[in-house]
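Next, two complexes with chain A in common: one pairs it with chain B, the other with chain C.
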Partner chain A sequence: MDKVKIGIPRSIHYYYYGDLWISFFKYLNCDVIISPKTNRDIMNCGIRLATDEMCLSMKNLLGHIDYLQDKCDYILIPRIDNYGISNQTCTNFLAIYDIVHNLFSTPILSYNIDVVHHQTEKQGMIQIGEQLGFSKKQSKIAYLEACNCVWKNKKLAIEKNIQKLKSIKSKVLLVGHPYNLYDEMIGNPIISFLKKMDVEIIYSNLFYSEMTNQASKQLSNELYWKFNKENIGSIPFVQNQIDGIIFLSTFPCGPDSLVNELVMRKIKLPYLNLILDDMDGMVGFETRLESFIDIIQERKRKHV
Partner chain B sequence: MSKHTISFPHMGNYSIPVYYLLTHILNVNVMIAPKITSKTIELGTKYSPEFVCTPFKYTLGTFIEALELKADVLIQAGGGCRYGYYSELQSQILEDLGYQFTYINLVSKGKTDIKKIYHELKKIDPNFRVLKALYYLLITSKMVKYMDKVDNYIRENIGFEEVPGSFEHENQKMLTDFSKAKGFFSLYHMYHKHFKKIKRLPIHKPEHCLKIGVIGELYTLMEPFANYHLEMTLAHYGIEVKRYTNAHYLLFEKKKEVKKYLKYAKEYIQYRMGADAADNIGRTKYLCTHGYDGIIHIKSSFCTPEIGAMPIIQKICNQYDMPVIFFSFDANTSQVGIETRLEAFYDMIEMRRKK
Partner chain C sequence: MKPCYLGIDIGSISTKGVIIDQDHKIIRSLYLWTEGNPIDAVKRLLKGLKSDLPKCYEIKGIGTTGSARKLIGLMVDANIVKNEITAHAIGTLSYYPDVHTILEIGGQDSKIILIDHGIIADYSMNTLCAAGTGSFLSSQAKRLGIPIEEFGELALQSKNPVKIAARCTVFAESDLIHKAQLGYEKKDIVAGLCKSIVLNYLNNVGKGKQLKGPIVFQGGVSKNKGVVKYFEEVLGEKIIVDENSHLMGAIGIAILAHNNENGKTYPLNIQDISFQTKGQECSKCSNHCELLKIYRNDELIDSWGSKCGKY
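And now, the complex of A and B:
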C-alpha cells in the first residue's frame, strides 16, 4: 500500500502547529508535503479564489491550498473556535474549514479545537490518527512525542528571543501574528530590511504564552482574542528595554484593527503601524521604516 | 446631586422599547440620541480606526453627538464577532477626546455579566430595584416581539399599499402608543388594535408578485440609514421583501435556530462561523428552494463573518441557479450607485420571471 500523503499549507496554521504536525506524521510514518514559501503565483492564485474583502492572510492560505490540492490525498485544515473562556479566535479561524470545504474538492483532514465544549487539541490529533487508520494508542504516543520535541525547540527559541533584549543595538519589538511576520511575501521583506538597518528585532510571538496572556490585561481588560492577547501581552514585559514598537498587520484584519488602535493610544513608546496589502511596492514601507529607525536612534542617543 | 442623562446608539425603531425600559427602571433622564445623519457618520469616521466595520463608526458618531448634548452615561451592547470589543476602544477614544462619562457595556468578553451591570446601574441610580427591572424587561421583550411581528407584515405588503405612506403612518402611531403602555394587558390590547388597523389598510397585491429575501449582517439590515433605505427602494418596485434578522430573533430565537440551520444546510457547513454567517447560509438554501426570485446579501464593509460566508452563499446560489447580489456598505457609499445596481437586479429578476 502506498503511504498516505498529507498536504500542509505553509500559511496561517503552519506557523502555530507546523512543527507539531510534521513530527506527529513523521512518527506515524506518513508522507507530508508542505507547500513552498509564498511566491507571487501562490499569492495571485489566492487573490483570485478569495472574496475581495478577505484579509491578505486568508487569501494567502487559499493560494497555498490551491497549490496542494492535486498533489496530496488530504489537506490538513483545523478549525479553531476557542482555547477556553475569553480565549477566542478571529471568526476566520471558525469559518476556515467550511470555506475550504466548499471551494476545493480534495478531502480535508480536520479537527476542531473548542475547549469550552471540551474538544481539545490532543483529542483532535488522536482523532486524525484514527482517521488515517492508526490505533488510538499509537496516535496518542505520536502526539505526546511530537509535543515534547516541539516544546524543547520552542523553549530554545524563546530563550534566544529574550536574550536579544540585552543587546546594545537599538531594539524594536515587532508585534504581529506569526503567520504574517514569517511569511515570505508579507512580513519577510520587512524583517530583512530591518536586519539590514542593523536593528535588533524582538518578536512578539516568542514569549511564554501563559505570561503574555496574563500581561495583556495591563493594556486591555476586555480583550478576548487569544492570539491578540499574546501579541500585545509582550509589550508590558519589554517596554522598559526597547526603543520602539512596530505593529504589523494585514489589510483588513478584524481583531488587529481594534486592538492595535487601542494599544497605540495607551503606550508611550514611539511606534509605527504597518498595514500590508497585496500590492507589492516595498519602497513606501522602506521610507517609513527608515525614518522610524532614525527617530528611535536619535532618541536613544539623547538618552545616553 | 443632579440626575444622570443616559443615551444609547440607534438601531431602526428599537430606540422606543429601549427608551421605555430605561425610563421605567431608572430614575434618570433618558435621551434618544439625534437621528443618524451624514454628519454622524462623518464624525464617527473621523475618530475611528481605518478599517473597522461600519457599525463602529455609526455608533461612535451617535455617542459623540449624544455627549455634545450633555449625556453622561452611555450604553453599548455586544455580540459574537468584533462587536464584543467595541466598548473598550470606543470609551478610550471618547476619553481621549476629553468627554466625561460612564460607559455601561452589556456584553463583556462575549458574556453578559449581570452582577457587573447591576453594580453599575446601582451607581447611577441608588434606588434601582431588580424585581421592577425584571418586570419591565419582560414587558419590553414582549413589545419587541409585537413590533417585529407587525414589521414582518408591513415588509411583505408595503410595496402594494394604495395610499402611499399609510403603513408607515399607522406603524408610527402604534409605536407612539406602545411607549405609553402601562402593563402587559394594555400592551397586548394596543398591539391587537393597531395590527387589525394595519391589516385593514387597502392593498392591491398580485397573486404572484416578485419575492426577494434580504440576508446579511445584522446592524446594516436593521438600521435603514446604514443600508440606504434598501427595503423601501425594493418596496417601490413592488417586491415582497423577506427578512429574518430582527431584534427578537437575535435575542431569543438565535440559539435554537442556529442548530436547525446547521442541520438544514449540512452539505455546505459543519460548524458555526461566527455572528450570523451560518444562519445566512441556511437561509440562502431555504430561499433557493422555496420559490423566491432573488437574494440580496448586505453587509457593512470588512464584516469578517459575512465575508467568510459569501463564497459559500455564492456556491449555493450557483447550484440552484438563483440570482444573488452582494452589497457592501461603507460610510461613503453613494446612494445613486446602489440604486443603479438595484434597478439592474430588479430588471434581471423580472425578465427571468417573464420567461
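And now, the complex of A and C:
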C-alpha cells in the first residue's frame, strides 16, 4: 500500500505548527507535501476563492489549499478556539475548518484546540495519529519526539533573536503575526527592504511565549487574543534597547486593528503602522519605510 | 560661475522644480501638471527652468523627491534621491526653524510630520486606501464646474457648510451628489467638502498625534483657503501657509543636493535625450512580476519590479 500523503499549506498554521507537524509525520513515516512559498498564482487563486471580507492572510491560505487539493490524500487544518481563558484566537482560526470543508473536496485531517473544554494540542495530535491507523502509543511517542525536536530549534532561534539586541546597527522590532512576517508575498518584501537598508530586525514572535503573554499586561490588562498578546508582549522586553517599532498587519485584520492601535498610543518609541493588502506597487511602502528609517537614524545620531 | 542646485519634486498631480543658490535662496521655480507622464513633465520643467536661468550659474547638484523620484533620479542622474517626508521637513525647517507640526496634503498622499528641536520626531501618512485628497478635490471641482483656484474663495463665502461624510472619498462623493440634488447652495457644498477633507485628514492621518504649534500647512491643497480656514477652526491654532508652500519638497531636496555635492556639473540637456520605459509581464515563473524596463537613447539602463532579481 502506498504511504499516506498529507498536505500542509504553507500559510497561517504552518508558521506556528509546521515544524511540529513535519517531525510528527516523519516519525510516523507518512509522506508530507508542503505548498511552495506564496507566489502571485497562489495569492490570486486565494483571492478568487475567498469572499472580499476575509483578511489577506486567509485569502492566501485558501490559495495554498487549492494548490494542494489534488496532490495529497489529506489536508491538515486544525480548528483552534482557545488556549485557555483570556487566550482566544481570532474567529477565523475557528472558522477555517468549515470554510475549507465547504470549498474543497479533499478530505481534511483536523483536530480541535479548545483548552477551556479540555481539548489540547497533545490530544489532538494523538487523535490524528489514530485516525491515520497508528496506535495511541505510537502517536503519543511521535508527538513527544516532535515536541522535543521543535523545542530545541525554537530555543536556538529565540536566542539568536535576542542576541541581535546587542547589534550596533539601527534596531527595529517587527511586530506582527508570523504568518504575515515570513510570507513570501506579504512580509518578505518588507524584510528584504529593511535588510537592504542595513537595519537589524528583531521579530516579535521569537521570544518565549509564556513571557511575552505575561508581559503584554504591562500594555493592557484586558486583551484576550493569545497571538496578539504575544506579539505586543515583546515590546516591554526590548523597548529600551531598540530604535523603533514597525507594526505589520494585513487588511482587514480585526484583532490587529484594535490591539496595535491601542499599543501605539502607549509606546514612547517611533513607530510605523503598515497595513498590507494585495497591492503590487512597492513605492508606497518604500516611501514609508525609508522615511521611518531616516527618522530613527537621525534620532540615533542626535542621541549618541 | 556661481554654483546652484536643482530640486525636483515629482508628485502624482503636479511637478515642482526649484533652483537655489548657495544660501538656499530661490533663483527660479516652476510648477506644472504631471498629467500622468512624469518623464514628459520633467522635460518640460527642465526646459522652462533652463530658459530663464541667468548665465552666471552652473548646476552643481540635482535632487529628486516625490512618488516618481526613482525614475526621474535615474533620468537626470541625480546625486540624491530621497523620500518626500524628509525633503518636506528639511525644506520647511529652512524657512521655519522652530516649526513643530507640518501638515501636508498633496495629490495622492497626505502626511503629518512632527518636528522636535529641529529633527523629525515622528510622521504619519494616510493608509494606502484613503489616498487621493488633492486629486479628489480637483475632480469634485471639475464636477461642480468650479475652477480649482476659486474653490477656496467660494468656500469662504459660506456661512452654513453642509455636512459631508468624512470617512472616505467614496462616501463623500455620494453624499455630495445627494446634497446637490436636494438643492443646497453650491458655496455651502464646497465649504462642506473643505471641512470634510480636514476632518478626514485629522481622523485618518492625525489619529493619536499631538499637533502642537507652530503649524505649517503645505502641499497643493494648502492653496485652498477654505481648507486652511477649517484647519484653524478645528485645531484652534494659527496655520502658517508660506507663499512657497507648494515648493517645500523641491526646496528640501535641493538643499540635500547641495549637502551631497560631489563636484559634478549638470548641463541640463536632458530634453534632447530620448528616455523611454516599457512595461512587460515576466512569464518565467508563477509570480508574473510586472517588469519596467528603462531605456536611455534606446539602451537598456535599468529594470525594476522583479521579485527574484533575475533582471
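We adopt the following convention: the second predicted complex is superposed on the first by the 304 of 304 C-alpha atoms of A that agree within 3 Å, B and C clash if a C-alpha of one lies under 4 Å from a C-alpha of the other, contacts with A are read in each partner's own complex, and residues count from 1 in each chain.
Quick note on the criterion: contacts are C-beta pairs under 8 Å (C-beta built on N, C-alpha and C of every residue); 3 or more make two chains touch, one makes a residue touch a chain.
The structure displayed is predicted, hence computed values, not measured ones.
Colleague: Please work out whether A:Gln88 is in contact with chain B alone, chain C alone, both, or neither, and reply first, second, both or neither.
Modeller: Only chain B; A:Gln88 stays clear of chain C.
Colleague: Check whether chain B or chain C contacts more residues of chain A in the superposed model.
Modeller: Partner with more touched residues of chain A: B.
Colleague: If we overlay the two complexes on their shared chain A, which of chain B and chain C does A:Glu53 touch? Say first, second, both or neither.
Modeller: first
Colleague: Considering only touches as defined above, state whether A:Arg265 meets chain B (first), chain C (second), both or neither.
Modeller: The answer is both, since A:Arg265 touches chain B and chain C.
Colleague: Per the contact definition in the header, classify A:Ile275: touching chain B only (first), chain C only (second), both, or neither.
Modeller: Once the two structures are laid over each other on A, A:Ile275 reaches both partners.
Colleague: Output check: A:Glu130 vs chain B and chain C. Expected answer is one of first, second, both, neither. What do you get?
Modeller: Once the two structures are laid over each other on A, A:Glu130 reaches no partner at all.
Colleague: Look at A:Glu210 in the shared chain and tell me whether it touches chain B only, chain C only, both, or neither; answer first, second, both or neither.
Modeller: neither
Colleague: Per the contact definition in the header, classify A:Glu290: touching chain B only (first), chain C only (second), both, or neither.
Modeller: second
Colleague: Taking the stated contact definition, name every residue in chain A that is touched by chain B in one complex and by chain C in the other, in rising order.
Modeller: 251, 261, 265, 275
Colleague: Within their complex, state which residues of chain A touch chain C.
Modeller: 39-42, 189, 251, 261, 264-265, 270, 273, 275, 277, 279-280, 283-284, 286-288, 290-292, 294-295, 298-299, 302
Colleague: In the complex, go through chain C and note every residue touching chain A.
Modeller: Against chain A, the touching part of chain C is residues 67, 70, 82-86, 109, 119-125, 127-129, 208, 285-290, 307.
Colleague: Okay, in this complex, where on chain B does chain A touch?
Modeller: Per the stated touch rule, the residues are 49-53, 56, 80-82, 84-89, 92-93, 96, 105, 108-111, 268-275, 277, 301-302, 304-305, 307-312, 315, 328.
Colleague: Which of the residues in chain A end up touching chain B in this complex?
Modeller: So the residues of chain A in touch with chain B come to 50-51, 53-55, 79, 81, 85-86, 88, 90-92, 94-99, 101-103, 112, 220-225, 251-255, 257-262, 265-266, 275.
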